[in-house]
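What follows is a short report on a single structure.
A, B, C, D, E and F label the chains in the order they appear, each numbered from 1.
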Amino acid sequence: MTTTTILDDLKKKKIHALLKEGQRVDGRALDEPRQLIIDTGVIPKAEGSARVRLGDTEVVCGVKVQPDKPFPDLGDRGIFICTAEILPLADPAAEPGPPGEEVIELARVVDRGIRESGMVDLKQLVLEKDKSVVGIFIDNSVTDYDGNLFDACSYASVASVLSCKIPKYNYADGVVTKVEGEFTAPPITTVPVSVTMGKIGNNIIVDPNADEWACMDARITITTNEAGNICAIQKGGNNGFTPEELVQCGKISIATGAKIRDMLKKAGRS
Amino acid sequence: MTTTTILDDLKKKKIHALLKEGQRVDGRALDEPRQLIIDTGVIPKAEGSARVRLGDTEVVCGVKVQPDKPFPDLGDRGIFICTAEILPLADPAAEPGPPGEEVIELARVVDRGIRESGMVDLKQLVLEKDKSVVGIFIDNSVTDYDGNLFDACSYASVASVLSCKIPKYNYADGVVTKVEGEFTAPPITTVPVSVTMGKIGNNIIVDPNADEWACMDARITITTNEAGNICAIQKGGNNGFTPEELVQCGKISIATGAKIRDMLKKAGRS
Amino acid sequence: MTTTTILDDLKKKKIHALLKEGQRVDGRALDEPRQLIIDTGVIPKAEGSARVRLGDTEVVCGVKVQPDKPFPDLGDRGIFICTAEILPLADPAAEPGPPGEEVIELARVVDRGIRESGMVDLKQLVLEKDKSVVGIFIDNSVTDYDGNLFDACSYASVASVLSCKIPKYNYADGVVTKVEGEFTAPPITTVPVSVTMGKIGNNIIVDPNADEWACMDARITITTNEAGNICAIQKGGNNGFTPEELVQCGKISIATGAKIRDMLKKAGRS
Amino acid sequence: MGVKKTDIVLLDDKGIRCDGRKINEPRRIMIKAGVLKNANGSAYIEFGENKILAGVFGPRDVHPKHLANTDRGILRCRYHMQPFSVGERKNPAPSRREIEISKVIKEALEPAVMLENFPRTVVDVFIEILQADGGSRCAALDAAAVALADAGIPMRDMVSACAAGKVADTIVLDINNEEDQEGQADMPVAYMPNLGKVTLIQLDGVLSPQEYEKCVNTALEGCKIVYEVQKKALQEKFFGDSQ
Amino acid sequence: MGVKKTDIVLLDDKGIRCDGRKINEPRRIMIKAGVLKNANGSAYIEFGENKILAGVFGPRDVHPKHLANTDRGILRCRYHMQPFSVGERKNPAPSRREIEISKVIKEALEPAVMLENFPRTVVDVFIEILQADGGSRCAALDAAAVALADAGIPMRDMVSACAAGKVADTIVLDINNEEDQEGQADMPVAYMPNLGKVTLIQLDGVLSPQEYEKCVNTALEGCKIVYEVQKKALQEKFFGDSQ
Amino acid sequence: MGVKKTDIVLLDDKGIRCDGRKINEPRRIMIKAGVLKNANGSAYIEFGENKILAGVFGPRDVHPKHLANTDRGILRCRYHMQPFSVGERKNPAPSRREIEISKVIKEALEPAVMLENFPRTVVDVFIEILQADGGSRCAALDAAAVALADAGIPMRDMVSACAAGKVADTIVLDINNEEDQEGQADMPVAYMPNLGKVTLIQLDGVLSPQEYEKCVNTALEGCKIVYEVQKKALQEKFFGDSQ
């Protein structure tokens, strides 16, 4: 945190200099995300899974589906929990151990973006009201770090859920039994897409890579649903946005999200 | 722990010099506690609460009343748990994190003084023997530190419990339901009062403030009940008391406790 | 870990020099374990107990027997858990706190050696299938350290179990009651014996003491059962064994184990 | 959003909300600066039913030292709920929610604090929620910003926070607890009123692009109301002004 | 105190207690010094059904170093119960009760240890309860004080501990487990017999002022009995005296 | 071993195992070196249904510094299972089993790594089990050894690991998940093929002395097969050789 190497300084100056000319270090347009590669079904033993590569950021995501007790006062809906972890092999600076505030924020923002969109209709995951429900546990593990984990984990989660199969369970007399070999698709209502933007100087850039991430002033993640509405926002970073920039970011998120949504839906079907 | 500043040394010498003349730094008599201000009902959403200011030591205490399972082998009485925490804004030396041995002792001594007095008749808090009881959870948070947290937390706890309202619960077929809007007073049998004394040289002083606390040789907390009996003792500090001093401390505690008990009862009624 | 004192260096050279002549620092033959003293029944309030002294390594072991819920999917067998801890008074280098990887390995190897031998027939410890079983909890506490905790803890565990008495329990309508004063012997099928060997240079030595432990290249713990078969192995240390040495270690373990088994059985009866 | 089902009327046909407020009306806000003896700066806020205490220490030495920054100070922030602050007793250990809120509050305050003036030091902001209601993170931010000013920490601007949201298909100012439970969207916003920058924005719930823009502007109006209350609290502390 | 109901007679009409002792009679006490090879000093005590091991290391370097004290040594103490030491298996992680007892034992030993002779170092006292009975903190203290002496740590005085209590409306010496469960008060006391100072006193239960004074004096008589056993244990270790 | 009861035929009368393999036939093994961008060295292995990623950092500075060794480097190893890698979701915090496996893997790799060349530094090996099957610790070791080589860490030898075991009274190579559950013994072995040393051996289950010797030799044959796959993976990475 303390030491800025000379190389870091040079990179930063380069990024700022290029942005003044409307250019980015890797040649992308300001509102252009990196190449997105999505493979689903990579962990056959999990009920759903995906490996996502967003530029050089890579995430492996697995979904476990298990019967569980509902939360108190939420007896009429299934459980949906999404986590994220940066594996120590993903980054020389990552360390094993309990998650820091950065990773906790990452996991909560990814979870909230999908949850608030209502992507999965949790009311269809009740086995017996107040007694037993289906739980969907989505774990994201970052295996290679190159910035913007918010979107990479969000895309991996959404693709995993789309490709997921829900086992059939029977509930009788307090006992849940799994019906071997019978599966249904998850009850999907919409496909949420998060788009993270960084602010460097007065420029808004989409999907910052690690070098851009390290020198941006502030960031904002906006998640939109299939109807083109905004369903979750998280601002971060040590500076602020003008109200006009916030409106601009909303528009970028809707436009960029629409393209990525098509890729996620295609990957989820495969 | 290691470094004693010159200022600390001067303070300590001053305290010792004054005590040789029978005087204290803030002008109090040796057996005189600081001004005690008690406000109850400060947290309306809690079933009981109080803010206590003892000199410049301040504690906010809240009581939550909830149905709970009884402890094994204690199925015929309710649950009574009293905790204490020094908030990091109370003292520049306090740090967030798990409690150290000082805070654990504080919480256990405050809890034990009230518990051993039998203040609350826990047998009247049983909803269904061995199955369901009422739990009284008393949490003390120190918001400003000026020594003698034992008494400040004890007074805040007692005032909170005295002012507390117990919701009515019905138990039937393993299910507890709360009857909205019906409350009873807690089953109080006595009002315990703790009095903490410090020993500096050969002087016994009541209610040491932070400067006195930092230079005392030993301390003792004696809790008495309404009948003028002693119901709990805790000695602390790195030196000892003569047997005669112990008897003297018992007498001081009974006399001082009687005056404070009146204040607590008055505050609990308001 | 970093600093090797001159004394340590001298000890190490002495050990190597003597081994070249086929001798050990304390005069033992290469395949000779230290004196083993076993006292059972040292903790009368525990259902089984033993103090074992292996040379100057000392372990106190206690067995608690309690009814418990079975593990899921293992409803037809009792619970058997064996732990180990190095008490801070056992060794100037030991520290209070959560166990490190060395102690976790120790506990797991001791547990596995006994478990894999099938010493206790856990199927005879079921009170009600899938509902309630007898749990045997074996806790080893090292009180003095002089190397080879694997064997000392293993012998203490086996002697404690052999000398243990199982209370009689009745299960009816979901409630377990203990029948006061009625006990049975545990259902023993075999007496496993672990033998730990160190490799220093090209020498295999049995039961290394602390000085030998500190300078050995690798170690292997082989547990054998009463039929002379091998039922558990754990290799450790920063070097390897040739396949021939592995076979040799197997033979040493069987031969040495037979002698120690007689001592354990005698101690367990007393 | 919207988990429990009740018969509560969130907005009646006269545009009056469930607690009697109008659409653009915030709850009662009371701030008092300088309420603690030990903290270098402090503030107490009542914002609706929220009761929150904020204390500031610093700039002071950093422990452990390797966290110190040679070219600027660091800001640390802890948002913490008392066990008795909510309906069911809360475990006093910090939850993941509290850790996340601590982080977004820190990042909302940081643009306003002139940390470049205090290399190698730390400013600690401790926020204690004594009683929680809807909008506690905004109220906490409002108290924390006043406590920073009370501590004499040089600041570029005040930070003023207020939420807006969507209730009964209408954008309203300052969501209360019932509206948070039953409503359609909640958007906390923090704003530096003189520099014109939003330093915190979050959203839970669904808004159309038009609603989004209106919601931001509504929240900013709330921030400006809060700003006046913050200034008054500091004036009362330092110049003894009564209301 | 007094949680379970039984038909046990705590004190019969001849003044005999449930375990056959008289009112002023302690349980059997056996102490052996120097029982461990690695510890610098050690002691084993059997006090009634208590079986306790104490080991001392130091004076030695402090880790982490910032805990060290430049003008005097520090004393650390850990009171720890074995999982098998009580009726139901105890979780081996230290409970809040064990942490509090560790602290009061440390503060009871500290007045006797000449820490001013060992600046910048630490003396560690580790106490392991192998089997627990009533009065384990007093027995632990008795063993720890002998272990300190066995380690050659300079001491101003011995520390001798014994409880008194109230059972069947009578003040009695050295409460056992049943009396602790069924009785009316338990008061552990530690005493420096030559300096005449009480270094530990706690009370659970209700005593009138007269009973309180009598209870203190009864406990002090017990401490003096313990002191003789402690001296004998050290004599046997260092001079090979048999009984 | 052998907890669940099923009707599975572990070995039929033609010597064919439940997954169609012969007695001395390992499962499908695929290794790819250099799969990660950030790690200094990395490898991905599929060994039966195991899918495992290994990444290596170092030699690099040690934090905290007091762990550093002045005369040689240190090796650290973490074996970690993903929550979704097994049938029922696994808590992501390291279990005692994972801590023990991390230690035995570290001790199996250490003889091969020339740590004496890197005093005061650390080499970190991170192993992530993406999907677990029988024999995951051997597969993890195989990937970790390739990742070390990929990182350019000087090594005395490769480390190649494969288990053997006893199934239906027969010694077989490379136990799969069903054979591990239903079989009679499982013996993971790691081997330095050129130096001829076994650097990991464990056994769960019962073997006669003759079976023990045969089981070791069977496992070593498996290690040699694995060694060829490891070499091929490194050749493909560095010389672009295709299969």
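As a working rule, contacts are C-beta pairs under 8 Å (C-beta built on N, C-alpha and C of every residue); 3 or more make two chains touch, one makes a residue touch a chain.
Treat the numbers as computed from the prediction; the structure is a model and nothing was measured.
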Lowest number of touching-chain links that must be crossed from chain B to chain D: 1
Both-way neighbours, i.e. chains that touch chain C and touch chain B: E
Farthest chain relative to chain C (centres taken as mean CA coordinates): D
Chain whose Cα centroid lies at the greatest distance from that of chain F: B
Whole-Å separation of chain centres (CA-atom averages), chain A against chain D: 27
Chain B and chain F: spacing of chain centres that average the CA atoms, whole Å: 58
Between chain F and chain E, distance of the C-alpha-averaged centres to the nearest whole Å: 52
Intercentroid distance (Cα basis), chain F paired with chain A, Å: 32
Where chain F touches two or more other chains at once, by residue number: none
Residue list for chain A, restricted to those that touch at least two other chains: none
Graph class of chain-chain contacts, one of line, ring, star, complete, other: ring
Chain order around the ring, beginning at chain C and proceeding next to chain F: C, F, A, D, B, E
Chain F contact footprint on chain A (complex, rising order): 42-46, 49, 56, 58, 60, 62-64, 66, 83, 85, 87-92, 96, 98, 137, 139, 141, 143-146
Of chain E, residues touching chain B in the complex: 1, 3-4, 66-70, 96-97, 99-100, 102-104, 107, 110-111, 187, 192, 195-209, 212-213, 216-217, 220
Chain B residues touching chain E - in the complex, by the definition given at the top: 1-3, 73-74, 101-102, 104-105, 107-108, 112, 116-118, 220, 225, 228-243, 246-247, 250-251, 254
Interface residues, chain E side, partner chain C - complex: 36-39, 42, 49, 51, 53-55, 57, 60, 78, 80, 82-89, 92-94, 124, 126, 128, 130-132
